[in-house]
């Protein structure tokens, strides 16, 4: 039975992308460029941010909890991050405690010199490798996946950073895109399935590697191409070259990047994210029309492009029937009970004028636990809507992601335990429709899902996991939550 | 000649509402309710916030620079603000230094007991009164207008707070809506022209006075009515009553509240703000059509409702051709030169897919200095737009406001010194049209502007100032900027 | 009956001087000089510090809770405090809440220009005057005595600052030394009895007014003379002159300054404070010898000079039998229960080598509540002392001070309610002797106390109060603790 | 030639002990006890402090820059540090950057479980070992010596913590006393020469290991005995036992602990530190009397016990001729030039009354660079002293320490490059005498220095270094200053 969970009003009941990465080589203001790139990638992780730069002699780093703006807008911070090469990282946190020592990039003094790395994604065998390394004498300082990679490099017998990283890459299993900087070069690496995004840009003579094209736009850089699945790109003074450390795999890009994670102005794998979302809305309008509808209303902000697509395809007027208060920050950290009870209203308000006595089509991107959806529907009904029809621009989210997306445990996913009709009743709408899996594939340009060799990773909808879940199967380590590998060390930092 | 001013990228080149007020009487959690109300009014002032509460024995106050969330989300802060009555204030700051001692509400120990007051607006004879009071022995502790009101009350020979406030109100000239709390009652007062908004709500047995209805919505209160121009409302244990301290004046509500200041989900003077904006878009589409347009694109976020109105009236598709990064805070306080040069991109990015090779209608609410508009047009052109046509949902802003809105000096207003054609060239569009003054009046429900007794205050467009500008004419005091009344006292606060 | 009060280990059970003042005129780095002076006067008040400077055009101020070092060691703070004249203040706080708005100096815009003032002492009729002023329309912003003075000046009909201050001085009653700065001059004023100290110094062409000569020493200034009781000193471009606003009174300097408050390296009223303390020790050795004593041990640090005097007069060796940990700051603000129970040991430790099996003479300056004394005696006994004899370098403290010294209510003073023998038993010593009142007068150079017209204020010992206790007698206002004049306003400041 | 160096007035020109350690096992409030112990040891390191506790399940840690009081006085901090075993550390910093990641204790997840360690001292072959370990794949996270120890344990093939630590101890060379906590036990280890101190105490059923006995006194624990040179003490539920990992060496305890580092109320190697200092003063009075002296004046606070000894031995009166301002904190971090020029006066003032026209014997513990001494002498002369004779309670400091004491490079030590007569002239005294090396040995209870097998480490006076200086000789690593082992990583932390 679904009960009224007293939930955090600021939990917007969405899946969360956990990281964004950015690297640049050959620019005199590499740290400022990286800060701007991370700013553009802020939607991929708001918990913490960090930059490492290299000036030919020394490495410099600055990391802090909080938004990029707050940390890297200060001139003195940027000035300390000297050099022509830099990498940066926005973190949301999936594995590892939420503390500063886990903030990426991670730096290490390897025998061959300094090495810093940041990645977006998740290793599915991190706990297993970690245990093995500790037994041989490696000392881990963080609980982050990334440290596994540098320890593998440290104990590798290979003689240069490229070979050491290739050796490490062949030990780890997971979905990841990483950028690294050494005293000679910038390196980018995408996992063999290309699940997480990574693209290449150019600004004058500098090369950039980053998660999304919007981070190229902000610094005026030109998009060159997406990095291929399993491709390692090495950029140094002589230019750029490719190394292929893996046997080729079939591409399985994360389809949810199109649905929700990526910024609408980004292009991924050659496609406009905004256009994909409008297409989804159009397919939804075709698959699940609402004949007598008066208005199409997005659940702001993520439902907006699909709602526009739905409106244009159906001819039903698009209206901002729910107004979002953009001043809701992450700072309401100790809400009073009074505030807690008012829930969703801190963030959204009904625009009564366009809801009262109307047949309303609400468009949202997904339903995770269902708690927020119900409150929004209540608010729309309280504003006087005659009927409320919910349309969801993804198939039911019925399976957890182990590839770098913050999802609840499978058992907490409403679609895992409830039928569409049960969910409809729970959130209190007159009708509820999700886009079909084939409809989604059509919206992104395929004729349908190829069930033998699917074109995308869609494990969260289908449960079809392309990358082996080693730690989960072994029952060791991080399953979904955090590994307590070794004794637990609880660090508190002075306020 | 207009030159390329190197401007602050975070100056979004808009006029700014300077304050929001909220008061409640008869609620056991009056401070929590006030914090929520101020949160809903955050768009009316982001510099600082303050609350004063009264529990029958003591007054309590808490004020801080920064957003409401950051200050009032902590349970312990709210817990300290005990009592059944409270008033609160969001500040943007027009007159007075930006320091904590100027943050409202202002509290005073009058001979009859404690008195706290907060107001939205500006007094046009504050400097003149202040000078007179200082000569008689009053000591001012702040440079805020509000302190003038309490000093007038302190030296008044009247015997109760209502009469003292009425006496003070008859001395001051200006545009203001104020809320006050004494040991017996909550008082609301709107200036004789009703230039600034103030409305009345009810939540169970409690009364609320606040600037906008969205602050009623957030706490689930019911809207009762707008306070009349010149009306003083007194709320105490016995209920609510009205006092009329002034001779009646003709109502002149600020028409710019409809254009830009108010939240779209608020109702003001009986009208939906969102609907007014859509109407403006529709009038614009009729007054200044773009026959071959491919897309209507709002300059986010304020241009969106008018753009939807324009799209629906013209049949040209509405698209989010410019994407706003909502993580741009007020924290980019020390941008590097590098970041400064990239200007507008920190906040906006072009959505190339819907701009390239298109004839674009850009809809924005106003052009103040023109700096941001030009950068946005440049960005849209760089994304490949074939033609760019700008439509503005207000008449040219050619005159400063002295009634509580933060506007540049008249000489800095682009429309004061340049023709529409000159502005068009400066911002680099193919065509530029503003809504006509009569068109604006039509959009808000009038047949046209009544030039003899205009229905609204539209001084920023017409230069027709309904309230006398005493200090400005005398050349004393605060003209536009701050008064240096008496010797200047420069206060620094320990970091 | 005296019971074991569970007391704060950091309450060192002493009376506290509450303020130090410093003013300088005619020095290009007046604020830096003032910061140094306040640093030297830090022992007179550790709660907060403030400086106001004047550069011929503007006044500048900086105030903060905490030590002078922490606030004024930053170059940028000092740089902002421009000008050739400045006054400063260290605060311990007797009346008024402990909040920033009560930190001195207090600044006011009088009709004739800016005026800033700081004082050491206490007004005994502040509440009575305040009530009268509020009834006439004055608005008070703080609960500080000092604000009474500036309001009296503001409503004075006199035409210049000197006459206004003289008029105010004739209204107030109390013990005070004040320094003030206007746009023309530096003013110093000492109350008619000269209870609190104030002296004049010179550094090149600059004049200095300050509480103690140690503040002259630190900046290398030369001591000129003490300011006379009731003397107002005016320093401007033309030099220094004296104004006598009062009818003359008999001098009654605070004798406790010699016993405890002043720094030992200061000279007061022509006498070395260190020498006076040594004399006290010598008188004690004569009045109350310990024939078989092995060691004389000071209770650090305040008992040290008297212990040296006792040792030299008696021939008993002086030893540091108790070692003080100088790292005990004011920061142990939330001690755990565990720490609380260990009490005095955070601050002191027994030096066993010189206590074990010894007959010990402990020398301390006073016993206020007796709590600390008992703990120290326990510690000395636990270290193996054979006998412990306590000698106190002041007569029993049996009466509260209303003249600017922080004392407990009279009823909490151990010597008010207990005989010497009872106190001896309570603190657990083999013998206890206080210096006699005549012995104290002898030590400071008199033949004995002149009981008809005593040479000093010794009210804390004798209950003979030279200045009328207006508010206390009226039962209004501040008695000992704080006045709640008008409704109480509780201010919290954002952390 | 010696010139007037413009020095930091807050550099008090002393050698500095760099660390204090404390460990406790079997106490329910182990963290609170440790915080108290560290408070008592604050004189051994003021830069940072840290505690690790163990509650049978998890390890907890809290570290911060700053004083123990500031960090560990908060109840919530102590409450988080659960468990019956804890170790703590005060840091001054000799090797390693002054950043939080270098603050001890250092924690590591060894394969056998968690392990935390803190040490007082310095390893002389840390750089050499570090290089070797990095080549084999160890990743270092700090630049601290201590991390070398845990990496050696991590790669050791031994099966338990005791054997692993013993193995590591046989690799490292240096002067150190360490405490460590594992999931089973508390371990203490003193280097084979016993250069740095470590003692054992007992409180009820709990054992304590700490640097000085004053840390036992503060918690009321009983002193049991000093740990022997080369002794490893293991404390667990069964009690205490000793392991001897080294071949025996001759004891060479640091004689400077008696002269200056230790607290006077501590006992070390069976002797009262205060008594040793008084003995030194007595020997000085015999070796270098001042026949016509009027007063013996200590340079506070470190010179005081020797000055008392000198006074008692010579019969010349002891007086506090220099008064120290105890409010000088570490916070004067950005002194203005004005303040800088006033130098020593921020901290000290002459007590003129006992210096004017006097023949003064100044007693200080050492002269390092000579800068402060000269300023103090100048101050004493400016106060009117007739003659000034300086007596130093240690032999000339002519050699750097590599065993955990912060000394300048040998070349900066005044006594390395100048004769006593040259120093006398430089500091401007009428006579200058240091205690002789044999005199010093006599004062601490020996008949004289045994030059064949000296009883103490006195390398700073004699250059006779008992422990091999591996890194210094190899020219690698940390010589005196910090090693830049591997590429330098410069970390900045968000303010």
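In order of appearance the chains are A, B, C and D, and numbering begins at 1 in each one.
Going forward, a contact is a pair of C-beta atoms (placed from the backbone, for glycine too) under 8 Å apart; a residue touches a chain by one contact, two chains touch by 3 or more.
Predicted, not measured: the structure shown is a model, and the values here were computed from it.
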Shared interface partners, meaning chains that touch chain A and chain B: none
Label of the chain whose CA centroid is most distant from the centroid of chain C: A
Whole-Å separation of chain centres (CA-atom averages), chain A against chain D: 50
Whole-Å gap separating chain A and chain C, where each centre is the average of the chain's CA atoms: 62
Chain C residues counted as touching two or more neighbouring chains: none
Pairwise chain contacts under the document criterion: A-B, A-D, B-C, C-D
Contact set on chain A toward chain B in their complex: 29, 32-33, 35-36, 39-40, 42-43, 46, 67-70, 73-76, 78, 214, 217-220, 263-265, 267, 272, 274-275, 301, 304-305, 308, 312, 317-320, 323, 325-329, 331-336, 338-339, 342, 345-346, 349-354
Contacting residues of chain A [partner chain D, same complex]: 57-66, 71, 77, 80, 107-111, 113-114, 134-141, 150-151, 154-156, 183, 485-494
